[in-house]
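We call the chains A, B, C and D, going by the order they appear; numbering starts again at 1 in every chain.
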Amino acid sequence: MCGVFGAFAKNGQSVLEDVYLGLYALQHRGQESAGVAWINSRGTMHSLKGTGLVHLALNQQQLASIDTNCAIGHVRYSTAGGSELTNAQPLTATSSRGSVAIAHNGNLTNAEGIKNYLENRGAIFQSRTDTEAILHLMAHQPHKPRLDAFVDSLRRLIGAYSLAVILDSRLVAARDPWGNRPLILGERDNIIYVSSESCALDLVGASIIREVEPGEVIVIDEKGLHSIRIPKDVKKGFACSFEYVYFARPDSIFNGKTVYEVRKALGRKLAERAPCPDADLVTGMPDSGTIAAMGYAEVSGLPYEKAVVRNRYVGRTFIEPTQRVRDLGVRIKLNPIMNMIKDKKVVIVDDSIVRGTTCQRMIAMIKDYGAKEVHVRISSPPVRFPCYYGIDTPTREELAAARMNIKQLEIQVGADSLAYITEEDLIDAIGLPARDVCTACFTGNYMEGDHTDEMEL
Amino acid sequence: MCGVFGAFAKNGQSVLEDVYLGLYALQHRGQESAGVAWINSRGTMHSLKGTGLVHLALNQQQLASIDTNCAIGHVRYSTAGGSELTNAQPLTATSSRGSVAIAHNGNLTNAEGIKNYLENRGAIFQSRTDTEAILHLMAHQPHKPRLDAFVDSLRRLIGAYSLAVILDSRLVAARDPWGNRPLILGERDNIIYVSSESCALDLVGASIIREVEPGEVIVIDEKGLHSIRIPKDVKKGFACSFEYVYFARPDSIFNGKTVYEVRKALGRKLAERAPCPDADLVTGMPDSGTIAAMGYAEVSGLPYEKAVVRNRYVGRTFIEPTQRVRDLGVRIKLNPIMNMIKDKKVVIVDDSIVRGTTCQRMIAMIKDYGAKEVHVRISSPPVRFPCYYGIDTPTREELAAARMNIKQLEIQVGADSLAYITEEDLIDAIGLPARDVCTACFTGNYMEGDHTDEMEL
Amino acid sequence: MCGVFGAFAKNGQSVLEDVYLGLYALQHRGQESAGVAWINSRGTMHSLKGTGLVHLALNQQQLASIDTNCAIGHVRYSTAGGSELTNAQPLTATSSRGSVAIAHNGNLTNAEGIKNYLENRGAIFQSRTDTEAILHLMAHQPHKPRLDAFVDSLRRLIGAYSLAVILDSRLVAARDPWGNRPLILGERDNIIYVSSESCALDLVGASIIREVEPGEVIVIDEKGLHSIRIPKDVKKGFACSFEYVYFARPDSIFNGKTVYEVRKALGRKLAERAPCPDADLVTGMPDSGTIAAMGYAEVSGLPYEKAVVRNRYVGRTFIEPTQRVRDLGVRIKLNPIMNMIKDKKVVIVDDSIVRGTTCQRMIAMIKDYGAKEVHVRISSPPVRFPCYYGIDTPTREELAAARMNIKQLEIQVGADSLAYITEEDLIDAIGLPARDVCTACFTGNYMEGDHTDEMEL
Amino acid sequence: MCGVFGAFAKNGQSVLEDVYLGLYALQHRGQESAGVAWINSRGTMHSLKGTGLVHLALNQQQLASIDTNCAIGHVRYSTAGGSELTNAQPLTATSSRGSVAIAHNGNLTNAEGIKNYLENRGAIFQSRTDTEAILHLMAHQPHKPRLDAFVDSLRRLIGAYSLAVILDSRLVAARDPWGNRPLILGERDNIIYVSSESCALDLVGASIIREVEPGEVIVIDEKGLHSIRIPKDVKKGFACSFEYVYFARPDSIFNGKTVYEVRKALGRKLAERAPCPDADLVTGMPDSGTIAAMGYAEVSGLPYEKAVVRNRYVGRTFIEPTQRVRDLGVRIKLNPIMNMIKDKKVVIVDDSIVRGTTCQRMIAMIKDYGAKEVHVRISSPPVRFPCYYGIDTPTREELAAARMNIKQLEIQVGADSLAYITEEDLIDAIGLPARDVCTACFTGNYMEGDHTDEMEL
């Protein structure tokens, strides 16, 4: 759960403010830190990073005043490495041979093995990010041309990576051979962009060129785009289904599919798979269940109402978890409209159940406000396995659906009924071949070749 | 556009954290500053204020640790007085005769006359708020019992005021004789609350007792609630219709009406008044037009889609208005989903048009993304007059609908059609008698007795 | 213990940066807060205040960019009123009749009586400073010309005040009839300055005109200086002797005497009054005893050494009073040079003993470093009484010399001998007539007419 | 110009607050940043760093609450590397083989060659400090015992280094074979300290054990102190003479000499070398010339006066260099007492002349205040060469004495006479053999073996 963005202007226009704006559009992918790196006209690499939301971490006016035609940025939601500023990205390295900066979305699964290998050869790791391994792999091939050293380094990686990179004075985009995380190219005037999601291209006024393909490295310079294959045997794709279910913004496109449409299709599938004909109305858990709830209403014929109001400021203002706040629970964020649900049979749609706490508290509050029945419908299969590729899920012990079957969970959360879609429904709604979709968090089917302990350069 | 909240615990429980949480639920009523005042067990008044959102202006943990059974709070959206911290509320005054703290929502229209009168008698005004006049009116009646001095002071006021007050060790709620702004009472265990909106009572887990009546002062102490009339001849009510149209939270109740239901009824009226039978879909301008758009869809039979995505972080993060940002315009906040609107005839519903800029830019962007037609529907009458009672509207010159008729405005914003509801539709949707509703911003019919220049104590 | 500074440019030059620099030179008179007020060309009063040292409380570059020819400033060491920002000065009041800003050094002794009188007439006090009483006294004479109202207000005051005032668009300087605190006038080019001490005139490059006389009000405008007497019967002066002993900067002039020279004369008197012929060297307690120690060395013929080094950063950096820091005590600030004092008989000179703690700990440390004998000499009489005129002394119970005679105190602090000068020595060294010097903190002889409880305007 | 401090408690006491206090006593050695590193009971290395003075960069109470028996700290005055936080020390490196933290005072002269060597072998340098080279030299010997790798790394260094190091769970002190910078050991109860200067040992209440010898590594653990020689041929010492002249605190001891006594001896030599029999008084440039001025007065028989007052807050408060401030020049900091110097012949003593600007402006101000003659005396030889070992001197072109002879400089600064001591006087006053003292900044005689470009591990 991170976001990357990069821009290269062929005619020397300044691009750093666009990178700032791109990160702003990707803010939902990470709120813990934000950073940018750029190369100035004399080839010197600079970076600025800070903690918190983009506007707190970085200074827009300062960035707008900096002259650079090649820049990248990153928003971070800590997965590997903890949340300290030393782990904020882009990571940079400068030597007599040139400069490199890397922004990384995704998680490597063989980072530990690479780190051991490199420390035995004198490397000093400064951060606890797996991304730093890429920098050291490059540095340990000092006599190769730098682009070759970079691509060779990628060949050693297993796991998920969508990268925006500055290599000397070029912008480079790279996506892992499994295509696990999104990465898309755009353009406007003479500027080429790379972004985790297409919504950031929209914000800067760019149109989509195409998505970076799994296993592809794109080098962007004054002469245009140049594509290199990471020559790893690509057996099948492995596009993250959870990006569709929850993570990506609804207006983004991933593997040719608009996320909003997939989410609405998930709601329609849910209405077919688990109807609730006697209900009076359908509502969504704000904001994650809203679109699927609209799809559910469409197929079921039940009226859709925004019967639960979300405090617009939740997420903006941090509420301390005092005893009083814990007692109030989900009320701090969400408030059902009493007159809409009193004496009604309510269907509430959400995208997933992780620990089950929010669901349980919402059901209790709806019943407390006078609802006759509460039926919970989930627009994805039960989440039973942790993600190793960059989504921050809890351990198996904490996953409600890993500890209980659906019936037990229904009782636990206090629903009058609880139902999910199946894995097949999910694949159908996404509309990609089943072999190209990663459903590891639902099925436990992880990538092959993980957790390799040995390596040789 | 401010919010007030107060709490009094009969059994000595600490209430300041609840005031903080109440302000958090009222955050949409004012983001410029926030403050609290409380009286400790020795009768000493204290206050804390700061600029920005509640969580930046105040420290929740500090407040949670303070022992007081009587406290009030305020969120401010500057109307009179400018945005400096010296104008932040609650205002407090301490003398040998006791302490008073006032939090005020609304605007007085005879404040200038009162100020002149008092300065001629030695008063020194510290802030530029009209609220301070109330404190000085009280101080200039030093030999009366203090509650009498307070009520007598209110008798001299013309305009809108919903007040939460600490007077010595009692909590006092007061609402102007016109009932212009909302004010509602709630309770939980042995705590009595007063709040601008019911949504804040929900958040702290309180149930509604009733709304404070126009022209009523409620004194709350260990013995319970005691009601006093402000003995001014109350000819008719004057409840703000714009609270329903835009300002209040949808889950709040004002004069017995749930705002969500009124807003949806406005959308239904709009579909009857201005249908658009050939359109392919209805969408709302996020978030202000969403509920009315759903009402429009219901009556028209057109599908409702969330075809415009709002950046969740807008409002949380300040974007500097650089040239680049001005060029990008409304894209910074709002992004249509191209696949939903391409080659479609789109109805877009909004609550009102003030300057017209956002509307114009949104239409341009929707057309740019390939829509065939864009039909704009507004769920209130044209805003043609400024508000003097606490809503921050621009001058007449800046109000688009004051300068142009609807046809001219339609051309100006670039819509294929533009339509509003009428004043009668508005009154019908609210469901109150026409004589009890303030429609001054639509009609120019202001309260009687305004702008009094003379007064005598 | 506060400092005031003001500037008026006859030819319209900007003076606010000079006020900033003047406050910087007066920083030793108060570190708790700093503020400035100025009047712009349209007659509007503005002020900026903050807590801490001048450079933290105020922004020099911001002030340098403001266009005003009439400004005042204040540094505050809280005496009356506590250290909150609401008590920071200058205090300002604006009404339809004009604006006034006041910066005050000194303490009023009848402030409480005035406050009661005014509250009975409707005044609301916003700060806890006695200075605010002056503003309200003026406001309660609304029909008099404002300068008359100001001078009449001063006539009601008892106690110490040196004031820099902006009254409408003039700069006004005023000093109480007892002349208790310093106040001096300077000029440079076409700018007139008023300052608590002459050292601030030196810093801004101004030359001294003369000191403001006791009981004099000076009005400064385009036409020059105009003097008014506060028509109170001035029986005798009452110049603070502690300004000479400790408080003022050594390069300042007060009542025609350079403080450095008085301080050295005090040391010479001390050597005559309390010689120590067998000692090996004389040193001063840094920095308060340094100059007197040089005078002592001169008369006694003993070598003067800077045998105790003061950490240059003490006062700049706040050290938390943890247990470890309390155990280390005076070492945090002061360090004797072991090789200078080992096996020596040391005379250490200080300006006064207040609680006695620092003295005791320093003697212990010097002996710990190997000194054979430590003889303490104090360059003022024993401090036995609290000051009510603006010096922040502890209560009588905390004053070491109020609880013990000199012999007891000698034993208490662990000195081999302890001696003071007499009141006559003090008067002689200052060189003013005895009847014109305030020695209240040494003798308990306070001003007449204090603590008046009644007043009539 | 940096300071290092370290502490190790044999019995497990917490030492981090003492490191904070030690840095506080060494604040004069660096004000740009401060940092600490410590190892916790599970062997994990932590560090905290910040910009500005110690109390701003670090949080004393936080440090006091941390449990560690082995910690180091650093105050930085940027020499190599610029002032960014990434260059703040201590530098740390953690790998599977353990952790190391280094605090460094001094400058390496072969750092660039080492860096090139290491980058060719895959090293990524994160900071621009020469200190980081030591960490990489260690990491590139991964198969040696770590203490051996550390000592071997030191053998490759040329230049000045006094180091406080945490190596795994031991405290290590090391001083370069030339003994260029000071480093001293102390103890208190069961705690061993290492410090740049003895004044910091005094502050924490420790007594001196001895100075670390040139070319010595001291390993401190539960078993006590263990000494290792850096087996480099040590031909002669090279103790920095400028530490005595200006840099070290007067109460510190360096090579057995108290700095205060050396400074006073320099003043006595100056009176012999360059008397001024007709003068009326001697004063020192505060604070750098004060002690030498006292020595001059003692030999010359002239009276010593503190005739120039230094604003106590200079250095604490940053004054923006606006045009007005540049015009006022040295007045901002220093103010002569007019009554002391008017119509007098004044000798003013300073420690050195670097650019000559301050000296010139002070002479002008003293003459402006009415002095008849001003004679400048400098207590060191003319500074004609830059320092490469850690003192931040300007380039040769900027050094006044490198561009002019003494007569020209006398005219330039406007003195009635100007005189220096000789190199022999300097050596005599210090009292060490001439071959053991570094006088490179006066003579240009640098260490042998500098600027080595090649190296082999």
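Going forward, contacts are C-beta pairs under 8 Å (C-beta built on N, C-alpha and C of every residue); 3 or more make two chains touch, one makes a residue touch a chain.
Keep in mind that this is a model prediction, so the values were computed, not measured.
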Distance in touch steps, counted as few as possible, from chain B out to chain D: 2
Whole-Å separation of chain centres (CA-atom averages), chain C against chain D: 37
Computed distance of Cα centres, chain C from chain B, in Å: 50
Separation of chain A from chain C, taking each centre as the mean of its C-alpha atoms, in whole Å: 62
Junction residues of chain B - those touching two or more other chains: none
Pairs of chains satisfying the touch condition: A-B, A-D, B-C, C-D
Of chain D, residues touching chain A in the complex: 93-97, 116, 118-126, 135-136, 139-142
Residues of chain A touching chain B in the complex: 17-18, 21, 24-25, 27-28, 53-56, 60-61, 64, 199, 202-205, 249-251, 253, 258, 260-261, 287, 290-291, 294, 298, 303-306, 309, 311-313, 315-320, 322, 324-325, 327-328, 331-332, 335-340
